[in-house]
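Which chain is which? They are A, B and C, in the order written, and residues in each are numbered from 1.
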Amino acid sequence: MLKDITLGQYYPVKSVIHRIDPRVKILLLIIYLVTIFMADNFISLGFIMLTILFTVFLSKVPFKVILKSIKAIIFIVIFTSLINIFFNSSGNVLIEFGIIKITDSGIATAIFVAIRVFMFVVISSLLTYTTTPTNLTDAIEKLLSPLKVIRVDVHSVAMMMTIALRFIPTLIEEVDKITNAQKARGADMESGGIGKRIKSVIPILIPLFISSFRSASDLAFAMECRCYTGGHGRTRMRQLRMTRTDIYAAIFMFVVIACMIVLNHFASFAKI
Amino acid sequence: MLSILRVENLCFTYGEGTPFAQKALDNINFSIEAGEMIGVIGHTGSGKSTLLQHLNGLLRPQSGKVLFNEMDIWEKPKEIRNIRFKIGICFQYPEHQLFEDTVFKDVAFGPTNMGLNETEVKKRTRIALNSVGLGMDFWAKSPFDLSGGEKRRVAIAGVIAMDPDILILDEPTAGLDPRGRDEILALLKSYRKDHNKTIIIASHSMEDVANFADRVMVFNKSKLVMFDSVLNVFSKAEQLSEIGLDIPQVTQLFIRLKEKGYNISKNIFTVEDAIKALISLKEGGMNDA
Amino acid sequence: MENIIEFNNVSCSYEDVDGNKTPAVQGIDLRIKKGDYIAVLGHNGSGKSTFAKLCNAILLPDENMGTVIVNGINTVNDEQIFEIRQNVGMVFQNPDNQIVATIVEDDVAFGPENIGIEPSEIRRRVDDALTKVGMYEYRMSEPHKLSGGQKQRVAIAGIIAMQPNCIIFDESTSMLDPKGRQEVLSTIDYLNQELGITVVLITHYMDEAVRAKEIVVMNNGEVILKGTPREIFSNVEKLKLIGLDVPQVTEIAFELNKHGFNFSEGILTIDDFIREFKI
């Protein structure tokens, strides 16, 4: 049922990775992504892959669950790989028909890029699997707080993210009910050309907009009644606190980068 | 007599095959005759709204059948839309369906979808609006400017305008104040009298059910646990309160009076009947003396 | 006893798009004492929602048309508006549209966070409030997975965590099923009886109003009746005339009295009825 939708894709188990402070986790993710880009040969890439598998293992998120997020991008990966195979003309030609030449370095690049993209997705999704949406928005608010100096209202941005997350399931349920009500009056949403289909969305969009505006104004009222005046003078119940785990995580990251640089230097023979 | 609507071995589970699987309907069987007025009661989550969505093909049975005039409604899946014109459902919140800029256009949405010509659409819309008691001065108004009770009447008119053989209403009086509630119930009664249609109403209110229904279905934990006359269902007061459904206060009163040894019927569901019964009890008593 | 809310001859009107003023409430004169349990009964459009909004300064009386005093503070006093709202909490009709956070306990913390309470104190208040409404075990749940009655209890916890003297329930049960209504109503009874919080229950259900110590009946923006439930429901004809229900036994007793029975006025429960039933 729709009620079973979980916000984001948080996977509720206890692990070292879950315990890392969300702020640290976001920063480490960014560094990790840069490191993946730094790898310029298969050996470095293989090493990074091992460290990622190790991290996934630590997180206790089943690999099956992670594969689901890979499935979502598999077509993009295949597409970019094909482009690399068909249009990379350097290296030794293996097969040739017409203007299309398939070369060994084309295939190598295709595989390299595919692995890189997969690793990107795995490590990014690990962040959302191991951090609750609340912690994520809290961390983003904290990390962006230097922007306050240039008058960016960081608190409002974070509040908007929270409210958006809170209302997504409510809206989905709403769309479902509206669709049923209109189908019961014979609304036809399955047949006809594009023009007709666009028109058939109107009976759903209008009630949805009206109810969203209503929700928004009700919510604003309720927030005002609970003394909300924006971020100024506000405290937080949940305090983000750095622990020893965070230091270990940072050390781990540092070691990975160091090994990376060394490997990049010595394995230049395997360069793409 | 042939049944107008029959349900056979109907089962449905939400999220089947996932760890979240939740049984909503467990082997439901019943049959309804043309012209009956049926009340459906049960808690939120008892399966009653899942059942309603099966009756006009918004959900497709995972097993079992829904038969309209003894024909499986899913015999031709492509024509399921035609079934929805014959079995009309009006859901609880009118806010979920009102979208046009005038009341008239909104009510005309159903008949227009049926592919009728303009004169016929207008004729049906006019009849539907009149039968819910919304006169011409309402037709050009925006449905969003109306009161809660009026919105609900527009929503009901939007379904009546398709001239369905069976009219199904989900919680038509929920959230309305007593005046709004009485108006809706009165218009449903007169609609039934004028058109002799089959009407099915899901409601939390036992008082409402006692007031209009011929027969009552009671749902509990995805099963149909009772389907009988109002008299027989309410006389099982204990079983109902075990499910957590309250019988009307008058009925409780008469059960208590009966226990006290007064010679009265336990089967009194409305205030009017109660007054009559107690007056005749008093007169009878005086005659004896 | 001291008054928590004081209405001194208050009128309040709203303006439509053309600038015409229509009075929503007129000449309301009412005192709500600490610890009271008051039901405001009226059909839709009777002015009862306007009444609620006047209590915590969402709406203000028309100029020179009376004053609303909350805990000694006049609601026109702009600087003290948060003191008023902290003192008089409000629970609304639609449970979905008053929960802000994605996790139950974060939502309960929202109010105290806004008024700058210490984190450890917020923690204590949140746990305490959730226990009081019986939702502690759901503290880590996502609001959309709760039932309507549970959501309303979370909303109530969010108000309790602000430690108000008074809570206004603005038709807080009208979107719930009977089970949810029962949950919320017994929570409200508990707040009043055990915690001594002043309760103002705005409703159009007579069976909810019966629970209160005092009922105020509104019609066309005016208070037309005021008294204990027993006093109020002895006016069967007047209530029916303005489109309100009375308990079924009350109505039966009233009608039977026309036929030679001798029930006293304001029969409310089955027990009352049976005690006085004589042939």
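Keep in mind that, in the parts below, a contact is a pair of C-beta atoms (placed from the backbone, for glycine too) under 8 Å apart; a residue touches a chain by one contact, two chains touch by 3 or more.
If you're wondering where the values come from, they're calculated on a predicted model, not measured in any experiment.
Enquirer: Which chains lie in contact with each of subunit B and subunit C?
Expert: A
Enquirer: Go through A-B and A-C and name the pair with more C-beta contacts between its chains.
Expert: More contacting C-beta pairs are found at A-C.
Enquirer: For subunit B and subunit C, let me know how many angstrom lie between their CA-based centres, rounded off.
Expert: 31
Enquirer: Roughly how far is subunit A from subunit B, centre to centre by C-alpha average, rounded to an integer in Å?
Expert: Comparing mean C-alpha positions, subunit B is 46 Å from subunit A.
Enquirer: Roughly how many whole angstrom separate the Cα centroids of subunit A and subunit C?
Expert: Centre-to-centre distance between subunit A and subunit C: 44 Å.
Enquirer: Can you pull out the residues of subunit A that are in contact with at least two other chains?
Expert: Correct list: 4, 214.
Enquirer: Two or more other chains touching the same residue: where does that happen in subunit C?
Expert: Residues of subunit C never touch two or more of the other chains.
Enquirer: Note which residues of subunit C are touching subunit A in the complex, please.
Expert: Checking each residue of subunit C against subunit A gives 56, 58, 82, 85-86, 89-90, 92, 94, 96-103, 105-106, 109-119, 122-123, 126, 142-145, 158-159, 162.
Enquirer: Considering only the defined contacts, which subunit A positions touch subunit B in the complex?
Expert: Its residues touching subunit B are 1, 4, 174, 177-178, 180-188, 202-203, 206-207, 210-211, 214.
Enquirer: In the complex, go through subunit B and note every residue touching subunit C.
Expert: Checking each residue of subunit B against subunit C gives 43-44, 147-149, 174-180, 182, 204, 207, 244-246, 248-250, 252-253, 256-257, 260, 262, 271, 274-275, 278-279, 281-282, 285-286.
Enquirer: Touching subunit C in the complex: which residues of subunit A?
Expert: These residues of subunit A touch subunit C: 3-7, 132-134, 162-163, 165-166, 169-170, 173, 214-215, 218-219, 221-229, 233-239.
Enquirer: State the interface residues of subunit B toward subunit A in the complex, per the touch definition above.
Expert: 14-15, 18, 20, 22, 53, 56, 58, 81, 84-85, 88-91, 93, 95-99, 109-110, 113-114, 144, 158-159, 162
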